[in-house]
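Let me begin by handing over the structure; questions about it come next.
Chain naming follows the written order as A, B, C and D, and within any one chain the residues start at number 1.
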Amino acid sequence: MNGRMYKYLAAVAVVTACVLLYVGKRVAWFEDMMFPTWLSILVCVLIAASMFWILLRTIKGKPAERRTVFLYVGIAVSLPLLMTISVHVPISTEGQLLFDGMKRIQPGSKVLVSFDYDPPSAPELQPMAEAFMRYCFERDIKVIIIGLWPQGPQQANLALAKLLAEPAISAKNLVYGVDYVNLGFQSGNEFVIQRMGSDFKSMFPADYRGTPYDSLPLVGNVRNFSGIDYSFNLSAGYPGTREWVLIGVDRFGLVMGAGNTAVQTTGMYPYVRSGQLKGILGGMSGAAEIEELTERLGKGAKFMVAQSFGHMVMIVFIVIGNVAYFLHERKKKKA
Amino acid sequence: MTRPATGCKSRTRMLWVAAIGLSVFLATPAISHSQTDTSSNRLLRDTIPPAPVTSLLASDRKYDNGEAIDLTWVPSIDDQLLHGKITAYQIFRSDNGGEFKKVGDAIPGDNQFSDESVSYGHSYVYYVVALTAGGRAESIRTASLIAEREWINYNRKYLFLIGFIIAGSVVYFIETARRGKKLFIRRIAGLEAVDEAIGRATEMGRPILFISGTQDMDNVQTIAGITILGHVARTIADYDTKIRMPVSRSLVMTAARETIKTSYLAAGRPDAYSDDMVNYVTDEQFGFVAAVNGIMVREKPATCFYLGAFFAESLIMAETGYSIGAIQIAGTAMPTQLPFFVVACDFTLIGEELFAASAYLSNEPKQLGSLKGQDVGKAIALAMMIIGTIAVTVGQAWDVEFMNNIAHWLNSAFKTN
Amino acid sequence: MRREIPLLITGIVGIVLVVAYFIPHFPFNRMADWSADWFSIVAAFAIWLGALNLFRLSIENVVKRKPGWGYAVVIIVCFLISAGVGFIEGRDFRNPGSASDWIYNYVYTPLSSTMFAILAFFVASASYRAFRARNLDATLLLLAAFFVMLGRVPIGDMLVGFLPEHWRLSDLSTWVMNFPNTAGQRAILIGIALGIVSSSLRIILGIERSHLGGD
Amino acid sequence: MHHIALWVAAFLTLGIISFLYRDNAWYKICESVFVGISAGYWFVSYFWDNLYGKLWLGVFPRDPAQQPDYILLIGGALGVMMLLRLIPKIGWLSRWPLAFIVGATAGLNLIIYFASNVMVQVEDTIRPLFGANYSSSAYDIVGNIVVAVGTFAALIYFFFSKEHKGAFGGAAKVGIFVLMVTFGASFGYTVMSRISLLLGRIDFLMGDWLGVIK
């Protein structure tokens, strides 16, 4: 009964804290709670110390319970978001390759951007989408959006809404249908790409709002991939970059760069080496790379500190587990 | 300026433009330093008509259905010298001698255009217009052209040949296996561990847990998992060990029950079989994981098999299995889940090994023959890689022509377009 | 007849799509285009089938009062709300500001994202409790993972700031990704592709019939 | 409205997270909401984009200048047959569209996978290990050798017609090492992905909802 009481009390405390924070923010008690430098260092030290404690416990043969690890990860990954550390993002060769390809796109070119992902992958891919389209809009490159996932065009709209509100871009007075267009989603996975190879219009008779294809000036003259100068694919799985490479690039000669979730990036490297893909961005670090390359830092760069902490925590956990393994478990198994 | 420029006129204009271009070119340092465009300069740029594109050539797209014509040209001299003067190119076309209509645009710097809206049997004439802010210049017209249809894409002849050999050997080996000939498959390490692991569970008197992935029966990995289940069940029936198999698809449940029943029959112990060995939990990923975890913690199986298609649930199961001290044997062809199995399980069948194990155990001609046919494909790939790499390295490093020829041929043979 | 016609359909469609790759001439090119059009439509119906099946199963659970039928009610209600709103709002239901867009942003997005986000916790706990360098293979795997995880984020280079440029962790991870990883992935790619070739061939030739169901 | 929206989103987010504590009713409700909403979303999306946008308007175009494309009706008929699975008595008819889907996928995949993932990959592996007079940089030479040898060895590991003995076995051993490094990279990237997704949610909770971070 006593334990239960504690749990209720804890729950009530958490809810109260949330309400207080929420209200506090709205009535402007505080702007934000970013840590001063000394606090950031203190937090780092505390995290390191508690990791050491876990190590000691594990060596003693009392490994932490699953939920303890969960709580720990939650704290270790969220606190760094409050730290103001500026970091330099390392640029990979394949990220540089992609950016070199982007630099070769001439103003006025038509670029096909395929949004093949859904909200779960948005933390990784949305910053890439924004960085890429911002780059296009700033250089008067025309953007044609499609989606092989039903959620894709909606993610595109979110990115567009954000970009068009930026002063530099809203000053350009971009016109829907002339400077950019969202053709929406179409079902059929790789067959959509296959059909687009002979005729865009038969796969996308209208844009996502129902405007007929022919009355959209931007795509009026685009019959198939030969009317596209460059294409960028944001992909979180199937259908995605692989299908675009296999059909769009190899069969119809599309020039393509890609941004992928980290999970599937590793499988795309053979295509980068063979030149089937002109560069690739992988996961959150890829997003940070493109932001650094286009010199507009956004969410990707913002998350890099917390991401670093996450990786460190993961590595330390593996090391702790293995120390315990070599000290105890292996002997136990042999016995 | 609607008429196409005649040769003489265009030549004088070219000279004109070239002269201006040269002077501007010489003055470039001044301009680029100031970074601004004086209004007189802009006036000059806008009112002087540009030079037209030259060497315009229309050619039929090879190996197609006669529905595309490719145009190439040398960009206007103004495009090259005065960067930014040309604003766009427009492509005009006359269909069967009719009126010229615009069929497309190209951006400055472009030197090609593909007209893909060509009708078969019609003859076409093209010209390209170079546009500036205030002027335009037409190129000379191309000769009239009729796109041709071809029956066979000869670019892909080697692809066809090699594909045909591989496909042929798949069919050949399936037939061979069907006629009862024994086909050799190499030893697979993980498979040998299976019997050992079952023995351990028997000794300890604890059950065996078998998970055939979380996908349905239309997934080949699930089928491979069920095939191996057949073998496992056979041994279990002999040893009289208990098996627990929660599944997440009702079709898999039916198939698994059938498989285990058959194995018990073959072992001569049909009475020992019960439907409770396999039970359906839920289709939902995390609900299934939670249930499997519960079973593991309660019943503490001595051995866990994870053979089939897995997603994120793989590592949660492997973690729980490890924490209860079970021997874990995994196999999957999901590349993203393999790493987790390798570090958390005692044996892992990597990718195709899962299918090889299944083919080996089932002795089914379909599976055996396919595996052999794929090996033929791999052998071809391996041979080409060795020959090609040696040839191209030797050929380049020491300039051996014979080797260069081989490498060149191989490279062209494996190109798909 | 119940088996022969489907086998025939599979075979003909498969062969047409293969042949169209080598023969660009009419009628094969058109037939390939038609197949793509039909595929797109049938795929949409297949999704409908899935959704309707879910709906039917949920109703069944409620009617028969199966365990957890209360959740089935939630499923039915939510399905009806999101489908109903979408149908009423029409073709441009995705427009920013629509009710569907609201549901997408404040219900669908948090739910689906969090479903995947909690995997981070499981990876952490599994890496602590189960990922062991139990043999040479696993050791190699974990080492490569460390280099990549450190090299892809700024902290890696900060840790080894004393090393000369081009020899830092980020360069090492770029090297690992571009060479050994490419080699391994390429071998996997070739292997899987050959597997797909042989299974597709079996399906087209009618040797493989399991997709038609047993009877 | 915005306040309600944020609290709804936060409530649902925390509901899913509560699964970490244990399987509970809050999580199950959130999960059911997710299943229902996403099924509805897909249902509507496929209707407006495909069945209405492509099929219906393709056969009955609003613009009189456009030719109706009656060939799409065959696809429509196949699709309706797919739905017949819901009626057990004539459910067998749904095998026709299924056969079509399977056949079309097999036909397309057979070619594209072979061309891009076998032919092009083999072609690209055939590269000079070093240029004329060993002119390439050491970085490239080592890289080229690693890719050539690595691909070769890893492919040998997946070769099942020969026992792994002698030199062949040695090559297979090298192959498994290369594969392990590959899996290590993929492990690292998967971890990166998972943490990113978690960060996305924490960013929502701490930023959009509570507003404690910028």
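By definition in this document, a contact is a pair of C-beta atoms (placed from the backbone, for glycine too) under 8 Å apart; a residue touches a chain by one contact, two chains touch by 3 or more.
Every value quoted in this text rests on a predicted model; they were computed, and no experiment measured them.
*Asks:* Steps needed, at minimum, to get from chain C to chain D via touching chains?
*Replies:* 1
*Asks:* Farthest from chain A by Cα centre, which chain is it? Let me know.
*Replies:* Most remote chain from chain A, centroid-wise, comes out as B.
*Asks:* What is the identifier of the chain with the smallest separation between its Cα mean and the overall Cα mean?
*Replies:* If we average C-alpha coordinates per chain, D lands closest to the whole-structure average.
*Asks:* Using the touch rule stated at the top, which two chains are linked by the largest number of C-beta contacts?
*Replies:* Result: the chain pair C-D has the most contacts.
*Asks:* So how far apart, in whole Å, are chain A and chain C when each is placed at the average of its C-alpha atoms?
*Replies:* That gives a centre separation of 17 Å.
*Asks:* Please work out the Cα centroid separation of chain A and chain B, and write it as a whole number of Å.
*Replies:* Computed from C-alpha means, the inter-chain centre distance equals 22 Å.
*Asks:* Enumerate the residues of chain B that touch no fewer than two other chains.
*Replies:* As it turns out, chain B has residues touching two or more other chains at 163, 166, 286, 319, 335-336, 339-340, 342-343, 351-352, 377-378, 381, 416.
*Asks:* Two or more other chains in contact with one residue: find those residues in chain D.
*Replies:* Chain D, residues with two or more chain partners: 10, 19-20, 31, 35, 41-42, 45-46, 49-50, 53-54, 104, 108, 113-118, 120-123, 125, 147-148, 151, 155, 157-158, 179-180, 182-187, 189-192, 195, 197-198, 200.
*Asks:* What residues in chain C touch two or more of the other chains?
*Replies:* 21, 29, 35-37, 39-41, 43-44, 47, 91, 104-105, 108-109, 112-113, 115-117, 119-121, 123, 125, 127, 129-134, 137-138, 141-142, 145-146, 149, 152-153, 173, 177-178, 181-182, 185-186, 188-192, 194, 197, 199, 201, 211
*Asks:* Make each chain a node and each touching pair an edge, then name the shape: line, ring, star, complete, other.
*Replies:* Basically all the chains touch each other, so complete.
*Asks:* In the complex of these two chains, what residues of chain B are touching chain A?
*Replies:* For this pair, the touching residues of chain B are 68, 88, 103-105, 107-110, 114, 116-117, 319, 325, 335-336, 416-417.
*Asks:* Once bound in the complex, which stretches of chain D touch chain A?
*Replies:* 10, 20-21, 41-42, 45-46, 49-50, 53-54, 57-58, 63, 69, 104, 108, 112-113, 115-117, 120-121, 123-124, 147, 182, 185-186, 189-193, 195-200, 202-203, 206-207, 209-214
*Asks:* Which residues of chain A touch chain C in their complex?
*Replies:* Listed in rising order, the residues of chain A that touch chain C are 63-64, 66, 69-70, 72-74, 77, 87-90, 92-94, 118-123, 151, 153-154, 157-158, 161, 184, 186-189, 191-192, 194-195, 198-199, 202-203, 208-210, 266-267, 269-270, 272-273, 282-283, 285, 304-305, 307-315, 317-318, 320-322, 325, 329.
*Asks:* Could you list, by residue number, the parts of chain A that touch chain B in their complex?
*Replies:* Against chain B, chain A makes touches at 66, 106-109, 221, 223-224, 226-227, 229, 250-251, 253, 263-264, 267, 333.
*Asks:* Would you mind writing out the residues of chain C in touch with chain A in their complex?
*Replies:* 29, 32-33, 35-37, 39-41, 43-44, 47, 91-92, 94-96, 101, 104-105, 108-109, 112-113, 115-117, 120-121, 123-125, 127-134, 142, 146, 149-158, 168, 170, 173-174, 177-178, 181-182, 185-186, 188-189
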